[in-house]
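What follows is a group of structures, each given as structure tokens.
In what comes next, chain A is part of two complexes: it sits with chain B in the first one and with chain C in the second one.
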Partner chain A sequence: MSVLTPPRSAQSGPPSGRGARRAPGARENFSAWANRHRKWLFAAPAMIFVGVLIVFPLAWTLYLSLTDSQGSVRAASEFVGLQNYLTVLSDAERFWPAVGRTLSFTGVALVCEVVLGMCIALLLWRPFRGEKWVRVAILLPLVATPVAVGMMWRLIFDPNIGFVNQLLGMVGIPPQPWLSGQDTALGTTIFMDVWQWTPMVVLILLAGLTSLSEEPDEAARMDGANAFQRFFFITLPLMMPTVIVAILLRGIDALKTFDILYATKGKGGGSFHEVETLNVYAYGLSFDYNQYGLSSAVLILFFMIIIGSMWLLTMRKKAVSK
Partner chain B sequence: MTVLTGNTENTEDTETASTARLAPAPRPRKPLGTRAYKVFRVAALVAVVLFLVAPLFWMLLASLKTNVDIYDTGKSLLFTPTFENYANVLQRNNYFVFIFNSFWVAFVSTALSLVLGVPAAYAMSRFTMHRSALVVLMARVIPGVSLLVPWYYVFSNLKMVGGFEVLILSHMFVSLPLIVYIMMSYFDSLPLELEESAQVDGLTPIGAFRRITLPLSVAGMATAGILSFIFSWNNFMFALVLSGSKTKTLPVAIFDFVSYASIDWGGLMAAATVVTIPIMIIALFTQKYIVSGMTAGATKG
Partner chain C sequence: MKRRSIMQYAAVAAALSLGLTACGGASGSSDAKTAGTVRVTLANHVWTEGIKAAIPEFEKSSGLKVELTQLGEDQLSDQYNVKLNAGSDEIDVMMYRPLQEGKAFAKNGYLADLTSKVSSDSSWDWKDYQDGPVKATTADGKVVGVPIITEREVLYYRKDLLKAAGLEVPKTMEELEAAAKAIKASSPDTAGFVARTGKSAAVTQFSSFLYSFGGDFTDATGKSAVNTDAAKKAYAYYGGLIKNYGPANVSTDMSWPEAMAIFTQGKAAFYTEADSLYKNATDPAKSKVADTVGFAALPAGPAGSKPYNIPSWGLAVNQASGNQDNAWKFIQWATSKERTLAAQKAGVPGPRASVWSDPAGTSTYPKDLAEAIAASAKNGVGHDRPEVVTVGKAREIVGGPIVATITGADASAAADTAHEAFQKFLDSEKK
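Now for the complex of A and B:
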């Protein structure tokens, strides 16, 4: 508890008596000053911390993206204007495929997670026996360390000894390459993302469902609407704001996915860059090839994509909430 | 919303009116589902649980097998369990050090983030500083790589790379926005009147925060703290770049079992289990908090 109290200097003295007697004038004045400015006294430390750790590096990244910095950040670099952006935007070999993979990874994963999440949330909506166990099961993937999860799926999807191919073998389907295949790798990583994060969507949607008022649903039931009609015409429209919040929260993280991709396919998203998303690409440019100027340009563009998609979703949410 | 509630009331009124007129007994409510639906629901729930738990179970099984058994597909379920992999991970690869590193970084970064984040969240909630809150929440949106290059440059110049301080600072970057986000929605739901009456009784505003609001938000702080601990424990990218051989955290240390030529599957699965188990135990005991934290603010619209 003592850790959680604000810094000494920010605390007021005890409300009466002791403090005032010990140091009358100064103490009272300081306390009064602190109380008057508590808004910024409370908010400033966190904001300064985040500002220093974010705003300044972001400004630096923006600057780096306009230079030809490479090799070592310490090495002299020259200002090249928008050259890096032109290079990146005309790069059909690595950049544009990475954009495509980022968007398709996020899009497909989100659709699967929201649809599956909604189905599971509806299953859990009404109370039932054994509810506790299902909740535990839902929590497990959510808290599991993503890198460990990646390693786990790597074994399960292994073409020779993996459990998935063993299962397929039982029903007579020949072994598939999964992660090692150039065409199947991205889909397989999407599957892992769905396994790990659908529970998150379930939790959010379930919270939304339980806070819905029962009355519209009851009314529709009385009017003779069947379960599907009630879901599509009553529950779903009422749930739309929550669904969009879930998409927003999950979408931000899905766009930035790194751990699972790195754990399963390694540097550069595999030997053919088959799972190289923008995040993996930028990481490789920075820390494997030390192309700081180029990677900064990629990052700024990536950041703009993220902000853009969030803005679109927020607009949509406002429209839905009305 | 208001329109819908209005409609409902109308329907209910006519409903009660008609039942009162036509039949003395209220119309029996339709049961929640048919028998077929109930069977379907149980089957679906079992499938969901299996889908979520089976892979973890498989990882646990593999960690108890020798590498020979892992390669023998005939021994998928029937094998002689061995703890050799765990002995290998914990003793020869010195995982106790990595466990300590992970714990220490997660613990300190969470504690510091609470110290900074709770008052900030309070101020942002009470004074509706939405624009300031946005600055802190931006941290959730920015791709971490874009911060790593400048950080790496500055911290290596300060000779801090490879030390605990830099890891703790970078993990606070994950924890702080999370804590501010959760605590803001917690403070939003706390009635203002409690504090106001404390101030009427003679406490200063800060005194009221310290003596009334803080004690009342212990549950919220537990939620925020536990989630922040978990996210810091699981964080990989920052430690990958900023940790040294002595400060390596568990998610980075797992890669010791993957070499260019081959993978020590048994060891790798034991290592993965060692990373996951502590966090799962914490999660099982604090379920309620985790769920409320993950859904904080999500349903307010």
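Now for the complex of A and C:
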């Protein structure tokens, strides 16, 4: 044993230097090498995974976005440089409205989820009777599959046979178009997103709240600060790093939303593209129009938007944490 | 000792993962060929239900094993896009839509040439197939698919509502509009007329109206014809029927499941749809109005009654499959005269002339439906959407005026806008 794994102090060269590799015996050689590089060896599967499933597709998408690939990705395509980007960026009919919808969907959903999430987290912060049941009930939407959620709400919001309109009818309110209206569809899908994802924000914020020190709050209470003052001047500033983490996690997800939009409004985000976000647009370009070059350009631009927003938020978090 | 164990763990982990990979490989493609498995991908459809039940028969007689994948229409389409694009050999037999994907698939070389196979067996009889469906599954003179389901647009109506209003079954578009108007006026909760409203989904059903008004998507020279007088009138008529006499709060996203639901819930008097979906309306388990549904040929427009008469689905063999002979055996069995007759009796209108001329072929159909189908087959048009490569995009363009009219916009202006976009699209496809 001692021959196979000599103590570090007995080795001639530096522990991780190349000289150590020249130790006699092939087996010892590999074993020693593996031990020295175990950090890399054990990370290798994950690195290969990232390489194959993230870096390669990204690089391939980038390549496709510079070609006129369409019909089939295996068909001959020509290198067209930035032509696809120019086409996309000058498309005021589908691309820019989709950017607008993506941002407004994300923005409105995020604001609603964080505000609502904070309110619910504050309610759940202090122990109360039946707390366990309330927590379980709140988490239910989170465990449902988004596509199933989409289908369910589609039925509930159906203009003619849907539950919501029938309920409204009982109290004398005329039926509303909800998902079928050109102006109301995006709002309705935002509502569905808020319904499903607020619990996640609650979870994150609740974790943040429970880890807060009680002293500043108590000191403020002694000084006669009321509940609102204590929340806005003590709790909220202390919670800011957690809030930003919640915004970061939820924001990236909201930007990428696809399933509930596709499940409720289908290809193109409805007949008037009323809920067509960048994701839905890129999907349609690929799977309906088979324009892989254009679709890739949209996806690369979309990727840049996501990276950009993440970077902004991370900067903000650093500033708040200081 | 500690370091040694790291090595040991790593070795075990490596051996395990290699072993798993090896197992995975064994159950993959090579195994399928040697063990005689046919991998078949089918859409959710009445035809599929029938064939699924009969597969044990095929397995017994051929000694082959069938691995079946069944998917919804959109998922099926996406699956093909991904797998065929990647050159995957995981699919042997594929159910596809000749008019939707046929041109694109053939152009990309995804479909195997079946020309010699279809003519090799005289008892299976390729000549028995109707001309329209054969044309749709032929590309550049090569047979690339075998049609399995044909469709024509017919008028579904409610006998009870017509009787109560003292109305005859409409024979012309004017009569249809008048009847829809009368019923909507007498009972505001019931729509006079319902049909698909989704921009892309409605195109196929609108096409019969377009032809009956004397129009088409393109003219004889292949140029856009969606802004001709006939087309404008057809858009105004179809959109107007739904806008004025359709369900309250009509959505502009309806495909057949939604429109059919409104009709089968008893909330509409008239409905135009593909005949192949008739079971949804006459099956008491699915339809509240099963007893009172009647069928008629599409009412005649200024150019007569000209519904589409098309093969909506076909079977093809994946060009990349290494199992093409077995794939053909499956197709040959699934499309035989006996199977086609069985499918047709179960409610799937087939493409074989001999089955249509056999009284048993229509014995299970409601009498009025069989008559409507016979009439439609005579003067039907062989396509129900623009005949282009990127059908999805073309449908969105020519479907624009339909939804515009439903929401109250001017049909003529919408048709002009669509015409410009459609011509641009057609030019881009020629490049």
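The working rule: the second predicted complex is superposed on the first by the 289 of 322 C-alpha atoms of A that agree within 3 Å, B and C clash if a C-alpha of one lies under 4 Å from a C-alpha of the other, contacts with A are read in each partner's own complex, and residues count from 1 in each chain.
Throughout what follows, a residue touches a chain if its C-beta (ideal position, glycine included) is under 8 Å from a C-beta of that chain, and two chains touch if they have at least 3 such contacts.
Worth saying up front: this structure is predicted, and the values here are computed from it rather than measured.
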When the two structures are laid over each other on chain A, do chain B and chain C clash or fit?
clash
Once chain A of both complexes is superposed, is A:287 in touch with chain B (first), chain C (second), both, or neither?
both
Mind working out whether A:180 is in touch with chain B, chain C, both or neither, as first, second, both or neither?
second
Determine, under the contact definition given at the top, whether A:316 touches first (chain B), second (chain C), both, or neither.
neither
Which partner does A:147 reach: the first (chain B), the second (chain C), both, or neither?
first
Once the shared chain is lined up, is A:268 touching chain B (first), chain C (second), both, or neither of them?
second
Return the chain, chain B or chain C, that is in touch with more residues of chain A.
B
Regarding the shared-chain residue A:161, is it in contact with chain B (first), chain C (second), both, or neither?
both
Could you look at A:38 and tell me whether it touches chain B, chain C, both or neither (first, second, both, neither)?
both
Given the superposition on chain A, at which of 44-52, 80-88 or 134-142 does chain C overlap chain B?
80-88
Intersection of the chain A residues that touch chain B with those that touch chain C
4-5, 31, 34-35, 38, 41-42, 73-74, 160-161, 286-287
Looking at the complex, which residues from chain A come into contact with chain B?
3-6, 10-12, 14-16, 31, 34-35, 38-43, 45-47, 49-51, 53-54, 56-58, 60-61, 64, 73-74, 119-120, 123-124, 126, 128, 130, 133-148, 151-153, 155-156, 160-161, 163, 166, 195, 199-200, 203-204, 206-208, 211, 213, 215-216, 218-219, 221-223, 238, 241-242, 245-246, 249, 252, 256, 258-259, 262-263, 278-279, 282-283, 286-287, 292, 295-296, 299-300, 302-303, 306-307, 310, 317, 321
Of all residues in chain B, those that touch chain A in their complex:
4-5, 7-9, 11-12, 15, 30, 32, 41, 44-45, 48-49, 51-53, 55-56, 58-59, 62, 70-71, 73, 76, 111, 114-120, 122-124, 126-127, 129, 132, 135-136, 138-153, 169, 172-173, 176-177, 180, 202-207, 209-210, 214, 221, 230, 233-234, 236-237, 240-241, 250-251, 254, 258, 265, 268-269, 271-273, 275-276, 279-280, 282-284, 287, 290-291, 294-295, 298-299, 301
The chain C residues in contact with chain A across the complex are 1, 3-4, 6-7, 10, 74, 77-78, 81, 84-87, 104, 107-110, 197-200, 247-253, 255, 261-262, 265, 267, 389-390, 392-393, 396, 399, 403, 407
Could you list, by residue number, the parts of chain A that touch chain C in their complex?
1, 4-5, 31, 34-35, 38, 41-42, 71-75, 158-161, 165, 175-177, 179-180, 182, 265-268, 270-272, 284, 286-290
